[in-house]
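Mind looking over this structure? Questions follow.
Lettered A, B and C in written order, each chain numbered from 1.
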Amino acid sequence: MDFGWTEEQRLWRRAVRDFAQNEIAPRVREIDEEEFIPREIVAGMADVGLLAPTVGEEYGGAGADWMMATIAAEELGRADISLAVPVLYLVEAAWGFIFYRYGSSGLKQEYLPRVTRGEAFLGIATTEPGGGSDILGACRTRGQRDGDRWVFNGEKVYISGVRESLDWGGIHLMLARTDPDEDAGHRAFTFFALPLKGTGGVIPTYFDDMGRMGISTGGFALDEVRLPLEHQVGELNKGFYHAMEGFSAARTLIGATCVGASEAALAMGMDQIKLREAFGRPIASFEGVQFPLANLYTDLEGVRLSTYKAAWLMDQMYRHGAATHHDIALAAAMAKLKAPRLGFSIMNEVADWHGAMAYTKECPIEMGIRGIRSYSIGAEGTPNVMRMIIARELLGKDFLPTLYTNKS
Amino acid sequence: MHIVVCTKYTPDSEAKMSVDEEGNISWGDSPLIINPWDEYSVEEALLLRDQHGGTVTVLSVGPEAALEALKHAVAMGADEAVRVWDEACAGSDTLATSYVLAKAVEKMGDVDLVLCGKSTIDAQTWQTGVALATRLGWPSLMYTINLVELRSEERSITVERLLEEGRQVVEAPLPAVLGTTKGINEPRYTSFIGIRKAAQMEYPLWTLEDIGAEREKVGPQGSGVRWPEVFEPPAREGEAEIIEAETIEEKARILTEMLLAEKVI
Amino acid sequence: MNKDILVWVEQFEGEASAASWEAVGVARQLADEGSGGVLACVLGGDGLKDLAEEAVAYGADRVLWAADPTLADFRVEPYATVLQHTVREHEPGTILMAATFRGREIGPALAVRLETGCIADCTELYFENGQLMATRPIYAGKLVSRCLIPERRPQVVTTRVRAFPKPEPDLGREGELVELSVLMAEDEIAVKVTGFEESEGGVSLADAGVIVSGGRGVAGPEGYEPLRELAQILNGAIGASRAAVDAGWIPYEHQVGQTGKTVSPDLYIACGISGAIQHLAGMRTSTVIVAVNKDPEAPIFKIADYGIVADLFDAVPALRDALREKLE
């Protein structure tokens, strides 16, 4: 057991904090209002190595391990509590890794160097109008082989980065049903790299989000969309498993992002309660203020540790073969279950400390509240799905709710 | 081109500084960082290297904490890093430190240009760069805000440097010592790849013997200045001193006197 | 070495910098205490006669001057060489100069040539048991250091600009003018000055030692005019509160506070700023804070060091005039 950081980790945290606090933090309100991340921030992230850092150096990535990737997520969350920049970061870090691991070399050569330079976007598209977390039930988009092409029909919704992908170019990893047999279970889906820009038959839509305004949310309908075979990512009908791998990675980074944003909110709150006076004393001196602070800080430290444990387990598996997908799924689900909800509670508490000002845009906390709600609703899995995963790892597959639903 | 950048570690500029009863300076739990002024020098050196080829070596005289500054410079992109230290160097003023730096630069032998930051944010003497130039007998180009041109084949350099009244345009032969100042460039952030290199690199330690420095020329015996006492400036009252007088002109005069006494104007 | 104090008086186009007269002033005071004389050294291209006489008026007993084309532009090599030679010949125990760009370059260069110490940027100088003691701010003024040069002579000291009062010139004072021989020929000097570009005002917030900041109380874009005049005298920059920026009175680059810039100047003058926590977050580490506000209850007075309760349109011009009288 060692709670210390390596030299590389320590320097990396400092580097990301330095960049994020100087270049991102002062512009969060602007990002929220203008509804996009300025190009110079994206370019700066590329220089620091914050775009898909988990991709290997041969494709312009940094070959970062998950501890390093998680440290960056925490620092970006700390700098941008609206979570727009962290979303850009973590989607690319998690799904860029899956593409790097399973994509065809030609396509990787075409896209990854541009993604790591900030000249193309890389996203994930699994959710459909019928749902997201229940892939088996909700993924209706069909992929059919037609000679040397795959042909797609269907619709994806609530997808991050649709506008970015159309503006900059890039790909979304899209999950499609490739085996129509309902009995095929999880072995019916395959991932494909779908360039939204310039692909015929892709009809984009946009949603007006409540928060994290700097990164777009949209969707697209697929009408006889044709892609060459090399756009298949990973094995045929193994997409579900690749998705689970990506979800574990993304959930870990979401945990860290929410922890970082929560730490920033608490720091802001502590500044406030030390300065703010009521009844002739700083409000920090009231039990009604300091006890919730103590509770929330304690909870946050717990979530932070479990998040970093998830990252550590991922490195144990990918680098040393010393952990399994089950270990990772459990750890990542716990981080994802707790961090966004706790972050939301912390931000609400911090808002209370600020009084009426917190309800105005003078105070940044409202951007945090709007932003973090995204991850406590869903995005890479709802809280109840996290609970199902945790229970599955504890009780075994025999008690999976889906087993009973599907039987009835 | 062989470019040397002199650098030093300092407490973070945000650090809350204090002095304990024994007179030891403390910066609480603030991190040690590269002296912020030195980042401009590192950046300028990297730009010159990219333009003219060659090597950038960062050099620091200091105890192990000096590695913080060297690592930051390597993480920005510097090629080599050298630390010079001996316990005898503790308590050196700029007279002694410039001697050690000059000896280290002379040992390297092939140096074309030395870059220094304008000052360090701790002792803020602004002296080391020009003192080093004097030691080496090289031109001193302090407060350079624009490096107009470096002609590597002619071995000369043109810079604009700051004086109170404006910018002086100066030409000098190489080798020279150039002091950078804010505005000369926008220092880059450290990068993931750079950090990996910085964390894994070996940092050679040169002793006084290695650089052929005489012991009596370093530390307190090699220094001119002593600083027996460091203290915290007296704390202020919680509330503003409201200036009272008959007329607004009188209030303004009183305030002016107070500001002059504070030495902030 | 003797008890004389040599002051290098720097000049630009025949005009001495005020900071040099401050150095002459403190040298005069120290020399009187230590029963020595004040030597002023004036170097330049030509036409130094007036300046040399002025140096006497400000307190020099003897003015050592050299006018030569090699000294027309400020350069370390020829300046330090003449000064070094002058020191050898006249053996002053102490050398003073203002801590300007030039002084901060010449001081250490001369000290190394003389193998002695140089105390930079002093804010106080006094004798203690016959030893010259100096105090100087370090760590951006968060700490103060007391320094001395115990053994080596001569000792070199640079004085912080405006830390010492500029003496009143006494036109009746008499002194001796001594011409120095110039030792370097142009072809021995490595550095060539090929141009000069005079600067044209405008200080950025981040660099400014002084910030004059205006809030809701400035009441409109034209309300910044008196603040600009004040800032100009102090070579300061203009800041603003969010309220003023949002009102469109001044561009965002000037905003200080949580959503603007964080600044830490030596002096922050808050005019018509009530002091919302968001604003305080951006400036509360300033060394000295002055608040000008009509409302004596304004929260800004809680963190300010000095306050004037008045309309800023009365107080700011009055302060401008008072400062102009003192500083110019």
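The rule we apply is simple: contacts are C-beta pairs under 8 Å (C-beta built on N, C-alpha and C of every residue); 3 or more make two chains touch, one makes a residue touch a chain.
The structure presented is a predicted model; accordingly, all values stated were derived computationally and were not measured.
A.B. asks: Quick one: name the chains whose C-beta contact count is the highest of any pair.
C.D. replies: Looking at every pair of chains, the most contacts join B-C.
A.B. asks: Could you tell me which chain lies farthest from chain A when each chain's centre is the average position of its Cα atoms?
C.D. replies: With centres defined by C-alpha atoms, farthest from chain A sits C.
A.B. asks: Would you mind pulling out the distance in Å between where the CA atoms of chain A average out and where those of chain C do?
C.D. replies: Measuring from centre to centre gives 53 Å for this pair.
A.B. asks: Between chain A and chain B, what distance separates the C-alpha centroids? Give it in angstrom.
C.D. replies: Whole-Å distance between the two chain centres: 41.
A.B. asks: Return the distance between the CA-based centres of chain B and chain C, expressed in whole Å.
C.D. replies: 21
A.B. asks: Within the complex, which stretch of chain B touches chain A?
C.D. replies: Chain B residues touching chain A: 31, 71, 75, 188-193, 195-196, 198-200.
A.B. asks: Within their complex, state which residues of chain C touch chain B.
C.D. replies: The touching residues are 12, 17, 73-77, 80, 100-102, 104-105, 107-109, 111-113, 115-121, 123, 137-152, 155-156, 160, 162-163, 165, 190-199, 207, 209-210, 234, 266-267, 287-291, 296, 301-310, 314-315, 318-319, 321-323, 326-327.
A.B. asks: Please output the residues of chain A touching chain B within their complex, sorted ascending.
C.D. replies: 6-8, 11-12, 14-15, 18-19, 44, 47-50, 53, 57, 62, 64, 68
A.B. asks: Over in the complex, which chain C residues touch chain A? Could you list them?
C.D. replies: 242, 258-261, 276-278, 280-281
A.B. asks: State the interface residues of chain B toward chain C in the complex, per the touch definition above.
C.D. replies: Chain B residues touching chain C: 11, 13, 15-17, 19, 25, 93-95, 98, 121-128, 130-131, 133-135, 139-143, 158, 160, 162-173, 182, 223-233, 236, 238-243, 248-249, 251-253, 255-256, 258-260, 262-265.
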